[in-house]
Amino acid sequence: MNAWLEHLPVVPVLAPLFAGAIMLFLPESRRSRAGLAVVAVLVQLATALVLAYLTSDAVLEVWPLGIGVYSIGKWPAPFGIVLVVDRLSALMLVLTATVALAALVYSLARWDRVGVNFHPLFQLLLMGLNGAFLTGDLFNLFVFVEVMLAASYGLLLHGSGASRVKAGLHYIIVNLVSSLLFLIGVALVYGVAGTLNMADLGPRVAQLPASDRGLFDIGATILGLAFLIKAAVWPLNFWLPAAYSSAAAPVAAIFSLLTKVGVYAIFRVGSLLNESGVHGPFGSDWLFAGGIATVAFGIIGMLSAQQLARLVAFSVIASSGTLLASAGLAPDAMTGPALFYLVSSVLASGAFFMVTGMTERTRTHYFESSDQAPLPIASYSAFGMEDSHDPLDVEDEVGIAIPAAMAFLGLAFVSCALLVSGLPPLSGFVSKFAMLSAAVEIAPTAELPVQSWIFVAAMLMTGLAAIVSLTRIGMRLFWSVVGRTTPRLRVIEAAPVALLLLLCVGLTVAAKPAMTYVQAAAQGLTSPQTYIDAVLSADPSASTAEGMP
Amino acid sequence: MSEFEFPVWAALPASILLIVGGLLTVIGSIGLLRLPTFFMRMHGPSMGNTLGTGSVLIASMLLSSALLGRPVAHEILITVFIVLVSPVTAMIVMRAAIYRTRVNEERRRRQQQLPAGDGRRASDA
Amino acid sequence: MRRIPPIFLCVLVVMWLLLNNTISIGHIVLGFILSSLLLLAAVRLRPLQPKMHRGHVLVRLFVHVFIDIIRSNIGVARVVLGLAGPRDIHSGFVNIPVDMRDPHGFAVLAMIITATPGTIWVELTEDRTRLTIHVLDLVDETEWIRRIKERYERPLMEVFE
Amino acid sequence: MNAVLDAAIWFAQACFAIATAFAAMRLIRGPAAQDRVLAFDTMYINGMLSLLMLGMRSSSSAYFDMALLIALFGFVGTIALAKFLLRGEVIEP
Amino acid sequence: MSLALIVLLPFLGSLVAAFLPSNARNAEAWLAGLVAVTCAVLVADHYPEVANGEIIRFVVPWLPQFGLDLYFRMDGYAWMFAMLVTFMGALVVLYARYYMSPADPVPRFFSFLLAFMGAMVGVVLSGNLIQLVIFWELTSLTSFMLIAYWYHLSEARHGARTALTVTAMGGLSLLGGVLLLGEVAGGYDLDNVLAAGDVIRSHPWYPAILILVLLGALTKSAQFPFHFWLPHAMSAPTPVSAYLHSATMVKAGVFLLARLWPCLSGTDLWFWIVCLAGLSTLLLGAFSAIFQRDMKGVLAYSTISHLGLITLLLGMNSQLALVAAVFHMMNHATFKASLFMAAGIVDHGTGTRDLQRLSGLAHAMPITATLATVAAAAMAGVPLLNGFLSKEMFFAETVFAGQGPAVRIALPAMATIAGMFSVAYSLRLIHQVFFGPRAEDLPRAPHEPTRGMLVPSALLVLACLLVGILPSRTVGPLLETATRSILIDDMPTYSLAVWHGFTLPLLMSVLALVGGFVIYVLLYMHRRRSHGRTPFISRFDGRRTFDVMIIRLIRVAGFLHRLTSSRRLQTQLVLIVCIAAGAALLGAYVNKVAWGGMPVTRVDPTLALLWATGIACALGAAYQAKYHRLAALIMVGGTGLITCLTFAWFSAPDLALTQITVEVVTVVLILLGLRWLPRRIEMDDPRRRTVRARARRARDAVVAAVIGTSMAALVFAVLTRPRRLDLSSFFVEHSLPQAGGGNVVNVILVDFRAFDTFGEITVVGIVALTVYALLRRFRPAVESIDVPRAQREDLERRSQLAADPNEMLPSGFMMVPAVLVRLLLPMAGLVSLFFLLRGHNLPGGGFIGGLVLATAVIVQYMVGGALWVEARTRLKPLYWIATGLLAAGTAGIAAWFTGNTFLTSFAYELHLPLIGTVHLFSTLWFDIGVYMLVVGATVLMLVALAHQSLRSYRRPAPAPASSDLHVEAPSTAEVDR
Amino acid sequence: MEIIFALAIGVLTGSGVWLLLRPRTFQVIMGLALLSYAINLFIFAMGRLAIDRAPILDIGDPTAAAFYADPVPQALVLTAIVISFATTALLLVVILAARGLTGTDHVDGREGDA
């Protein structure tokens, strides 16, 4: 294969890193940094698409098993760290890059200047996300999750202000604790099974003596809990609504991916531990119960939410619960539709957070009013870092205002509402229908048919709750007679929203190929042997000319 | 322990030095623990800092020279650093102690003036 | 062009050799390069440099100090262990009028006073005319003043002024 | 001869541990902040000595570096604390 | 193909309409009308095929994996409805053109109207049940938009929301039912489902399916008890009421019942549920209609009751009843729509629809009066009008419905009573509006409307007459095809004659007419004392109940939310740690985890003593951290020291080194922070002595104890098991030969697992950036803004606190320390380089080296003061960070050019004079990156924190309380610039 | 020896958790510091305890791995130390900002019950 194509899997990690690093040399003025940022995201998108193409059945000569394994430093798995690209990873990469592109462009309108270093942090967040989706090593996963979280702290606090700092404090502390759990889990897994490579885990666990097996399960349990906290499972998700609803709109938009990292980790590690039958969070019943509880919590939250942002945050919770529940219900049948749902819901909530930002424009909550405004401190010129721009002058608006702003906003809002509530005709409905029909289909043969019914009921309930609460808040937003000022809307803000919504439409129209792809991806999860073989049989020294120094 | 057999010329003085250093350090910290006032306590540890450390370092020098079969002197660096640094510590700590005792004096005096005791007590940070 | 203090450079090179525990030519060169770079980078942070002469005086001084250290260690040990006899220990501050002005001199003096147990540097007045030390076992103030001035301050003034 | 040496090393190590413990007692007992700072400094010195002992025990030079580092920087924490007590902030304008 | 076109065209039209300028009434109308007519023509074009029993199909695969395809299917029944929808659409558009006022934003109206048309056509042409549900929900949405067309009226908003919630809920349950149905019938497409009738009826899921589907249908068709949304939908513009809420959308429910009739009906369950719903709706609607004040109110309730009638017919499990039902669907559409139009005309002409105020309009608007009268007569079931025919069929069915005796008596009676009611309200409507004395106090002077508004109504009335007089010539064949397509072979025999001789049904009709007249007269005697409130049942207002339910729902949700969630951090943390511990303990219990078999090594008293110290420090810190922060900090530092010694003790020199350096930096860092964390004054706080507070502390103590114990047990369980060598042996064996490094740990960090290090330094960099960004807009606590007390005392002696950048040495007590510490800087630098360079073979490496250098710099700040140092050096931490990241990255990428993967280490042999050959490892370059990043990040964080005190260093005056904060904010700002 | 090690980790964890559950921000940050010590020791323990077996190979003899202490957990702990150092710094600054913006050092940003 082409010697350079070989390095493609590591590009999604490197592109944002280099972009972010180089930005630090550029002045804090928007233009140069923003340009670089856009380029970097486009590179990631292109790479992700190529990877998705390479993992599909279209080409088999590059990666015969449809799985790309890139061993960092040429050390073979399980000893070295490997990046693994299968359909699922590729899918997540594409999703990340897409939402990132939208959020980035959106942020250029003004949001990126309410604080410093927005763009570097944004890039490094992407680095963390991509790394987490790519890595095949448990501890390396920890590291990249930390990268992601660290950047998310920075972005959540971007713009400062009381509400953000308060929410951020809780968000940070909870995530620090969950990281500690993550460490305990990884360490225990290593201490008992003696490996850190995910693919290597299953075979080793199978060989574990019964006496050690219990310890391993404890490790896996704690690990799973850490993932579940990231995935915002009830009752470990109280930090989420405040954090997501107080973050700046584009940040919240990209945040809708963070919970999915937890879900991804559950899916991935769960599938690899599957046939060795590990109990705890990876065990299906626990997962199902947690998922349903989370959905219920999301429903309650949506119904009782008073601001749109919080409502969307709760819908994120509900969607994450849906994914967990479906994974717990019947991985084999449900994973495909669940992945479809994941894609649709991420796009939807991303768009929705941005719409929220636009509807709440009049209230400019993302920008502390002057009495709240923190004192700017001594300029750092003495300290060798001139940034002339004043973080407070973000009022000048960029880009041309689009006509019929209200019409666009209304249309966008309705589309988002349809997507979130799973009402026809958009992809929200398609994905929900797919999950429901799968759930109904397994019911007659399942050993616990009641689970299917609970799941179906939960899905329908979510839809109803979404309708009730969304009409309530939507009418207040758009049809309130008193004091509604039509916001000036700029293409640079409207376009990303439109992009995401159009993607959802595309997902609806091209449901067949999309579903085919995600089902293939799900196939990789439900029968992980291919993955394991691909990783463990990969010979790093094969592809290259020179040997070791 | 290492299977290397140390020659007497190194082992014997080293042992003595170690014992002396250990004793000095312990005595110093006993001083830190037992002496009545802060200013007196400050003298305790400085024993460990100087002669205690010195003897241990010499012992270490002897042993590692014997081990590698050539003069090893990098323990001198530690001595240099200790000597360079401990005055800084001593001065600032001493100064702080004097300042704080003065402040506490003043506070006590002030509290005797006002009708004392609403049950509060300023914490040290 | 900032000038690199030569003595300090040599000291650093020696340090480098001690650190790496070798005297290979390569390390000497490397140490030389690194040290000079570091000094170049740091020289503005150390504007004041000592001008030393009659360095041999220091040798005598150090011998004295060494003896004093051992003596005072024993002294303090006795005080701590309560072997100092029935008399109650009376510690206190001693004010010493000083004639030395050079900061580096004072620095060395501070080292000496700190290194000898039983005495601690307390403060030097802004105009550098009076030095206050704290003595653990204070029997006779004038004895202390004499000792500091005779044994330490004079040789230091010879070297640094 | 090694036996004597080992005994001496062991003895010294114990001494330093005891010294550390005493310092810690002072640290916990206080009463004043400066006492704690002083105790803290002492703990660091004793820690350095213990490291040197470990080095001799395992006759490896790896431990020497730690001792060196403590000798070089053990004081930073102490003067930071002391300066906080003395000036109310560690780094003044 | 053309089927898809019929569905697609309205949607396209709606898109176009949305983007027309808001004042283009004619363009909109033309567009809409054209679309409607075209669709109607297209539909009509298919009549020949459907007439001879063909079924036209058009399938587009959509989601075949789950049996969901776009499947358009037209048989006679569908054709009839499609015709109804499109034809009515055309008429309504024409009507609306004149009804809507120029002020109204018509694009929205017509665009939604067309969208609705598309959705409705979609419903009737769906050959796939899921697809049907999709269009079904679309009709709900478009109807929501149309009801709320005048959203500035709270009535409209409210009605719209009620309608949407009820119908969408129905739609969801319909979805559920359809899912089950599809699973049972083995596919969602209509042909399967209709064929699988027996399977379905005998399947255990049948009741569930039936109830779910019925929920969908009955809500849509406003059947009791879900009828309440329809009257409130009347706040929509009248064309909408005429189209959606009488002719088409509300028919969707009964349409579906008839559609699924072959596979769902024929059971007792069906009979009872459907009949009861229909009958009660029939009576309730008719009864309430009598007492309405609003014309549209009367029509709404009458619509409800007529829908009830249709439902009742469908419930009777008899083919003839089905025919009657289908027949009545069409009839009702015609006369009710024209009545609505009449109501609109009256509203338009007089400015009110209030029956109390309206009177004697016949003089002013004779044509309208005539049309309305005829239509009302049809509604009342007067002979020679279409209403009479279907109603008589209905009466006949009630009589011959085969069920038990009770039914045989009750049903006809009820039917007759309902008939009376409908006569009464029809009579009332016409009489009170068009006859009697002329009303004087009308908002507008009544006048005949433009022809455009009359034509549609007239056409419909004409239809009523034609059908009523010559049924078999006009509607006969259509009804035939429609019903035949539903009950394929077992078609009943029926005759559409006006005269069947003196039969029981005829008697019932007569009774109904007479009785209705009597009722109205009695009411009229009462001087129209109705105030729009229905006697007896007005208290059971479904809508109010619904509102209360919604409000309750939200309140309950709020309550549950408060119950199941918490904004308190402590609660969240307790949950996390408890669940973690619980899960672990449960796992241990389930799997009976036991100690391992390895013997424990003997306890070394020295380490034991050290750890006694460490534990004491930890406990002390835990005890002191609230009020004696400095003490706690120092004690934590002590614990850290012991930890570091432990690492060293158990042969982990690298860990010990890193730990110790990190310790030092952390202490400095937290002290820098403490400057801005105002001191807590310890006082005996009453809140700490409350029972709850004590209880919480007790709980936390227990939790902490349990978790501590379990961690200890866990560690012990691991430590007593043999270790696994697989990874370590690989690393130890390959470290020297391949990676060329003796210090395996360091080799792992920069080579084997360099990717971890790569991410790790990124984290450090990110945090530094965040800290910097956050501190840029830092707002300190009010109490700690002004200069610390100790320094304020100096201000008596010195003009300002900041050190003078030009002075050689700090004056005062810092002089000697400055001399010494500045002497130390180059040495420290050398040591840091030493650690950086030797890391690969002995403990050390970039991280430690970097921290050493950073610490050395920070110490300079401590003794020299921030401004003094920065006047003499220009360190650009951000650049260091960036360079570090780039260096590490390039070190990795460089491997690509040697044909290796990212971060593969390789050596470069450098031949130097008098030094010899030097092996430069790419890992060294990587380590240099780490080094630079760590230096930059650490310095940035610490110094950015230290810089905070610059904000106030020129204000000798101690700042008073919070009040001055805002005042001096600008002044600080300009100081900073 | 193992017993002492386990005890140490237990106590550190216990006091860390106790502080973590306290209402004051500074207590929480101290608790996290103690917890990270505990976790680092925990990870380290996963390589079991070895005395005088530092995984530093004298040039030229890569002897049996069994002799040396397990280097992997050491590397993991190093990463963990660095990351927890960084996050501690961040948390500290956030705590300061919160104190300034909310006027209290309660973790919830408002004076709850002590």
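Going by the order they are written in, the chains are A, B, C, D, E and F; count residues from 1 in each one.
Note that in this section contacts are C-beta pairs under 8 Å (C-beta built on N, C-alpha and C of every residue); 3 or more make two chains touch, one makes a residue touch a chain.
Keep in mind it's a predicted model, so treat the numbers as computed, not measured.
Undergrad: According to the touch definition, list the chains common to the neighbour sets of subunit D and subunit F.
TA: Intersection of subunit D and subunit F contact lists gives E.
Undergrad: What chains touch subunit B and also subunit C?
TA: In this structure, the chains that contact subunit C and also subunit B are E.
Undergrad: Taking each chain's centre as the average of its Cα atoms, which is closest to the average over all protein Cα atoms shown?
TA: Closest chain centre to the overall C-alpha centroid: A.
Undergrad: Is the number of contacting C-beta pairs greater for D-E or for C-E?
TA: D-E
Undergrad: Compute the distance, rounded to whole Å, between the mean C-alpha positions of subunit C and subunit F.
TA: 39
Undergrad: Report the inter-chain centroid distance for subunit B and subunit E in whole angstrom, where each centroid is the mean of the CA atoms.
TA: 65
Undergrad: When the C-alpha atoms of subunit B and subunit F are each averaged to a single point, how far apart are the two points in Å?
TA: 28
Undergrad: Would you give the residues of subunit A that are in contact with at least 2 other chains, written as numbers and ranges?
TA: Residues 139, 143, 146, 150, 153, 157, 160, 169-170, 173, 177, 188, 191, 196, 374 of subunit A touch two or more partner chains.
Undergrad: Could you say which residues in subunit E touch two or more other chains, in rising order?
TA: 567, 569, 573, 577, 607, 629-631, 633, 649, 651, 653, 674, 680, 714, 718, 723, 725, 727, 730-731, 752-753, 756, 760, 763, 766-767, 770, 774-775, 778-780, 789-790, 813, 816-817, 820, 823-824, 827, 831, 842-843, 867, 943, 950
Undergrad: Which residue numbers or ranges of subunit D touch two or more of the other chains?
TA: Subunit D, residues with two or more chain partners: 13-14, 18, 20, 25, 33, 37, 39, 57-58, 61-62, 68, 72, 74, 79, 83-86.
Undergrad: What are all the touching pairs of chains?
TA: A-E, A-F, B-C, B-D, B-E, C-E, D-E, D-F, E-F
Undergrad: Which subunit B residues qualify as touching subunit C in the complex?
TA: Touching subunit C from subunit B are residues 24, 27-28, 30-31, 34-35, 37, 39-40, 42-44, 46-47, 49-51, 72-74, 76-77, 83-84, 86-87, 90-91, 94-95, 98.
Undergrad: Help me check something: in the complex, which residues belonging to subunit F touch subunit A?
TA: Per the touch definition, subunit F meets subunit A at residues 20, 25, 28, 32, 35-36, 39, 42-43, 45-47, 72-73, 76, 79-80, 83, 86-87, 90-91, 94-95, 97-98, 100-102, 107-109.
Undergrad: Within the complex, which stretch of subunit C touches subunit E?
TA: On the subunit C side, the touching residues are 8, 12, 15-16, 19-20, 25-26, 29-31, 34-35, 38-39, 41-42, 44-48, 103-104, 106-107, 110-111, 121, 123-124, 126.
Undergrad: Okay, in this complex, where on subunit E does subunit D touch?
TA: It comes out as residues 605-607, 609-610, 612-613, 616-617, 620, 630-631, 633-635, 637-638, 641-642, 644-645, 648-649, 651, 653, 656-657, 660-661, 663-664, 667-668, 671-672, 674-675, 787-791, 801-803, 817, 824, 827-828, 831, 835, 842-844, 848, 852, 855, 858-859, 861-862, 865-867, 942-943, 946, 949-950, 953.
Undergrad: For subunit F, which residues are in contact with subunit E within the complex?
TA: 1-31, 33-34, 37-38, 40-42, 44-60, 62, 64-66, 68-72, 74-79, 81-83, 85-90, 92-97, 99-101, 103, 105, 107-108, 112-114
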